[in-house]
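Next come the structures, one after another.
In what comes next, chain A is part of two complexes: it sits with chain B in the first one and with chain C in the second one.
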Partner chain A sequence: MTDLAFETPWALMGLLLIFLPLLRSPMQATTYPWLDIIPVDPLSQLINVLIRVLAMAAFAALFLGLSGLHRKAQHVERIGHGAHIVMLLDRSNSMDHSFAGKAPSGNDDGRDAGGRATQGAVAEQSKADAARHLLTQFVDHRPHDLIGIAEYSTSPLFVMSLTENKQAIHAAIDATTTPALAYTNISKGLSMALSFFDHQPVNGSRILLLVSDGAAVIDPDSEAALRVLFKQQQVRLYWLFLRTDNSPGILVQPDDPRDDNAQAMPELYLHRFFSSLNIPYHAYEAENPDAMQKAINDINQLEQMPLHYLQAIPKQDLSGLCYRWLTGLIACLLGLKFCEVRRI
Partner chain B sequence: MKPLLKDYRAWCLALALMLLLLMALFPTRMETQSVYNLMAVVDITRSMNAEDYQRDGKPISRLEFVKRSLRELAASLPCQSKLGIGVFTERRSSILFEPIEVCAGYSELDKAIAALDWRMAWAADSRIASGLLNTLQLLSAKDTNVLFMTDGQEAPPLNSRYKTDFSGLKGKVKGLIVGAGDLQAVAIPKFDQKGQRIGVYGPDDVPHRSSFGESDLNPEKIEGYDARNAPFGKQAAIGNEHQSALQENYLQQLAAESGLAYHRLQGSDLLYEAVKSAEIGSVSRVASDIRAYFIVMVLVLIVVIFI
Partner chain C sequence: MQKPIESFHYRLAYPGHSVFPGAHPGQMVGSGQLFKRHEPLLVSPDPRRIDLRASLLDPFQQYRVRVFQQHSKLTVYVIADLSTSMVDKLPALGELVLSAAQSALQMGDSFGFIGCSHAIDHQWILPAGSAMQPVRALVNRLQTLRAQSRAESLSHVAPLLPHKRCLVLLVTDGHFSLQKLQAILRPLTQHAVVPIVWWQTNEYSNLPDWGLVRFKDAESRRSRTLLMRPVLKQRIIQTFEQRRLQLRQCFRAFGMEPLFLSNDYRADTLNRYFQQQAL
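Here is the complex of A and B:
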């Protein structure tokens, strides 16, 4: 019963009228010379009581309906497959370039300069575009997930808290069509993304999906702080690294030992840092949209752990039910009206 | 049957029943309602940390006040309206998310607005005019109206020789420039690298005039002018740029140039009023519940029976 509520509770004051049928009779008064002469009629007495009860019920139904009786929105716990996912998207300038490291040529309508269909081979897509398409699909394939979005450039941007509202997630992913911002400051981005899991129950798997096309040096202070955070939040980390042509990538060991430092090879060093965290971690290196698609499918398959999730049941309006009762009660009263004895 | 027809109570009951049946058939009426599709672009530059608003007797920053007003705006916009959030700093804005429906997405909007922070700024300049131009460019392709919320403080100061040209975009995007702040200049809080507040900006912390490009003054009038070495003169500029006030005239001028309306932010209810009066809504047809009218009539009829 606690989940019932009223839209306009003040209308409940009208319930006082419930007592009206007890005080007044709904029957036409008929003058009669001597009441004692009327025989006792149990049926009439019964009907008299019935009429009053029906009328009281009608008043109750009317005012309950008028005050907007409804069952509150509820969450029902169900078990499905899914995860809590925070996507951390790179908004640095280079994301607006293609996988070949150039500004994307022309518009991506799937046709080349001569108007022939390219089947995606020639038309260049910026990395941000490719990421957007795939992430949109990914979100659509994950019905029960809670998804949050953070972005980072020189500073971290809080975009969308963990939510099941898919429209909102799409709105946030779509907004990455606007030009990217400045530099890559990954450590702040990571700590913001991890903060999304604060005050969230640990339930099913927690995933941090980092989508970036480069890395940056993490200073020792942030590194220590991040280590603690990663441990605390118990996340699984996926790094979707969009490799640009001629960039070293995350798995390449340097030929020259002089290059073996974080400034020269930030990607490799970030990869080493992630690997040293002792958390489930997987890096995907994608040089083109197809490789990205594969990585995304992979994550989609891997992350199907059982998840307790709350299914929202929207609030149920019960005033319609009240009015149907009211209609029925009025119909009964009208029927009883025909049984009334009349003397003119 | 004859006597029954003379009984007004029977008539009342019959009429009530008819009304209820009618109500079951036509429970709603189509009504037109203004709905809005808004993109709120919030200035998150440092001057927005200046505290010249009051809430519950405590000073709160312009940014904090803007956030509160936006949350209350999100709550008061009619359903089917959409609200998106973007942030402005440097000379451009970044859209965090496209407009989402305010009723279904209220909690998401609420959290996203609460998370707006000056620390999101990716660069430190505050070029209001360029930022506004950039915002209008971003939005000109969409049917979104803009709420550009700023205090109008250009930092570093503008060189009036290089003005932003809005003529190409004038009138393409409708919306409001919302001025935040007080006309009285106040100090701007200063923060260290860790985000701790360390006093306020002093006169030595900020440039007080533009030293970019050519001077906008007549060289003969500049003291110590030297075309190559001191195009802006030899005197150190003194000014009041370390303090910040709402640059209302400047924002009104920008509004006129870009074809937007101007509103000064004072209370949040007024923001919704300003949005309403700016006539930027689109008309949408919504079904409104009219059952209450039927029910009140039915109520009168049943009460009459007992009198």
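Here is the complex of A and C:
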């Protein structure tokens, strides 16, 4: 914490004046014939020392303030409860539909004037809006997490690397209000999300939160690569599946054995793929915003491992503090000056 | 418009024996009012004063002559401490000098002044004389004095005084050690010394009750900051009272009764002082 620096170090030359109060007194001297006759008075001696110390401190505060004393930006290691979380959001077209599988009704697009998602105030909201709103809340509840965001559509979209800056994360989540893109290419999205954990220390838990409303087929090459990646990065996988009405769920076994293929039921096959990875994995199937909320609360409670993290303390300007001290010291000295008797 | 000079009347318990006739009872015999003794005509050959009755009664059949006590002249000296600490008392000192000079000259005595700063400076020495003008000139010069030193020469002043007993008004503020005071007084014992100790009241009893004061010593130039409050003021006054006792004790050890003056000069104080002295 002694990481102090100065903006204009040459102003520190003024600190030489700190010895001025030792040589001169701010008080007007009255000639007295014989000082030796005045009895020794400890209180007066104390006041004398006090005046000098105050004056020296005032000089010090003035010149430290003028030299722009500040504390450099620092990182403090702290222990909190949290995780490294990468959110992988689906930006396919279908995310702009409501849970009922159609475009949201009314002229309300599910957002308030500030662009934030509103919940309940609007009868229907798109899945993207619901996800956005809930993720915002989720982020607010997790003060110590490092959160990164990736999106995918036809191609993966790098949005934000792992960061603890909540403002940036909120902005990144809010940025998904732009209209969704085309199709679903989940394997590239997953590999990009996993790449977020590269060069990150393994402490606390690593979570990959996949928010999607559908799945796609993963080709065998990508599947092999993803298996390796998942093993390497030691992540926990949560899949928040926003199920549209009338679409098959994750866990639904096909009635017809002919439908039991990856083309017909990509969700089921993706689920099977995730289950076969031998990593902690949980899938939540949300059919409406409330269910989604419940899923997020679950994750919130589950992932509270102790986490070492570095908290960044920005550069602190201490010159204001110096000037405040200076004001106080000068006020004290002025008060003492007003106590001075000049009548004699 | 100058203030009229007040004069005071002084008298001595033990008169001197100056040969010059003056106003004070002396030990010289000569023309006077007070019968002193009979002497043989050969000792004091003044046939006008032959006492026939005493001559007849003399078993040795000699002429007896009456002799009278002759009033003799006295020399008055003011020895002043001209150290830096006396600077604020210089106007009052000037008044005292003028008053003493006028009193002395009125009585027909001679008056002299010796000012003592670091060394004896001839500028501040006025030999005993009977003119007022040099005294006025000296007092005028005294008002412009910028003293910068201690009164070290006070103890070397005795050789400048007459051998005969004279009246010495020793004006000082007594702000030095008692050893130094003893060294000053010892050579002066053959004279009739009236120590006048001059303290300004704003040195002790007139200090403020409350507040911060910074005092600078007039001689050593050291300074001290004091937080004045009634307790401290009381202690300072007590210290001064104690000092007064010490000084009085020290002066009395040399057979001198000190006179403590404060602030302005008043001739009445000196009158009262001299009247209180037992003859």
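Just so it is clear, the second predicted complex is superposed on the first by the 232 of 344 C-alpha atoms of A that agree within 3 Å, B and C clash if a C-alpha of one lies under 4 Å from a C-alpha of the other, contacts with A are read in each partner's own complex, and residues count from 1 in each chain.
Throughout what follows, a contact is a pair of C-beta atoms (placed from the backbone, for glycine too) under 8 Å apart; a residue touches a chain by one contact, two chains touch by 3 or more.
Note that this is a predicted model, so its numbers are computed, not measured.
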Contacts of A:W10 with chain B and chain C, given as first, second, both or neither: neither
Touching partner for A:L43 - first (chain B), second (chain C), both, neither: second
Per-residue touch tally on chain A - higher for chain B or for chain C: B
Which of chain B and chain C A:T30 touches, first, second, both or neither: second
Set intersection of chain A contacts, chain C complex versus chain B complex: 25, 27-28, 340, 344
Footprint of chain C on chain A - complex, ascending: 25, 27-39, 41, 43-44, 47-48, 51, 336, 339-341, 343-344
Touching residues (chain side chain B, partner chain A) in the complex: 3-4, 6-7, 9-10, 13-14, 16-17, 20-21, 23-24, 27, 84, 86-87, 92, 94-101, 104-105, 107-108, 111-112, 115-117, 119-123, 138, 291-292, 295-296, 298-299, 302-303, 305-307
Residue ranges of chain A in contact with chain B within the complex: 14, 17, 20-21, 23-28, 55, 58-59, 62, 65-66, 91, 149, 151, 153-161, 163, 165, 167-168, 171-172, 174-175, 178-179, 181-183, 319-320, 323-324, 326-327, 330-331, 333-334, 337-338, 340, 342, 344
Partner chain A, residues of chain C touching it in the complex: 85-88, 173, 175-176, 200, 202-203, 207-208, 210-220, 222-228, 232, 235-236, 239-240, 243
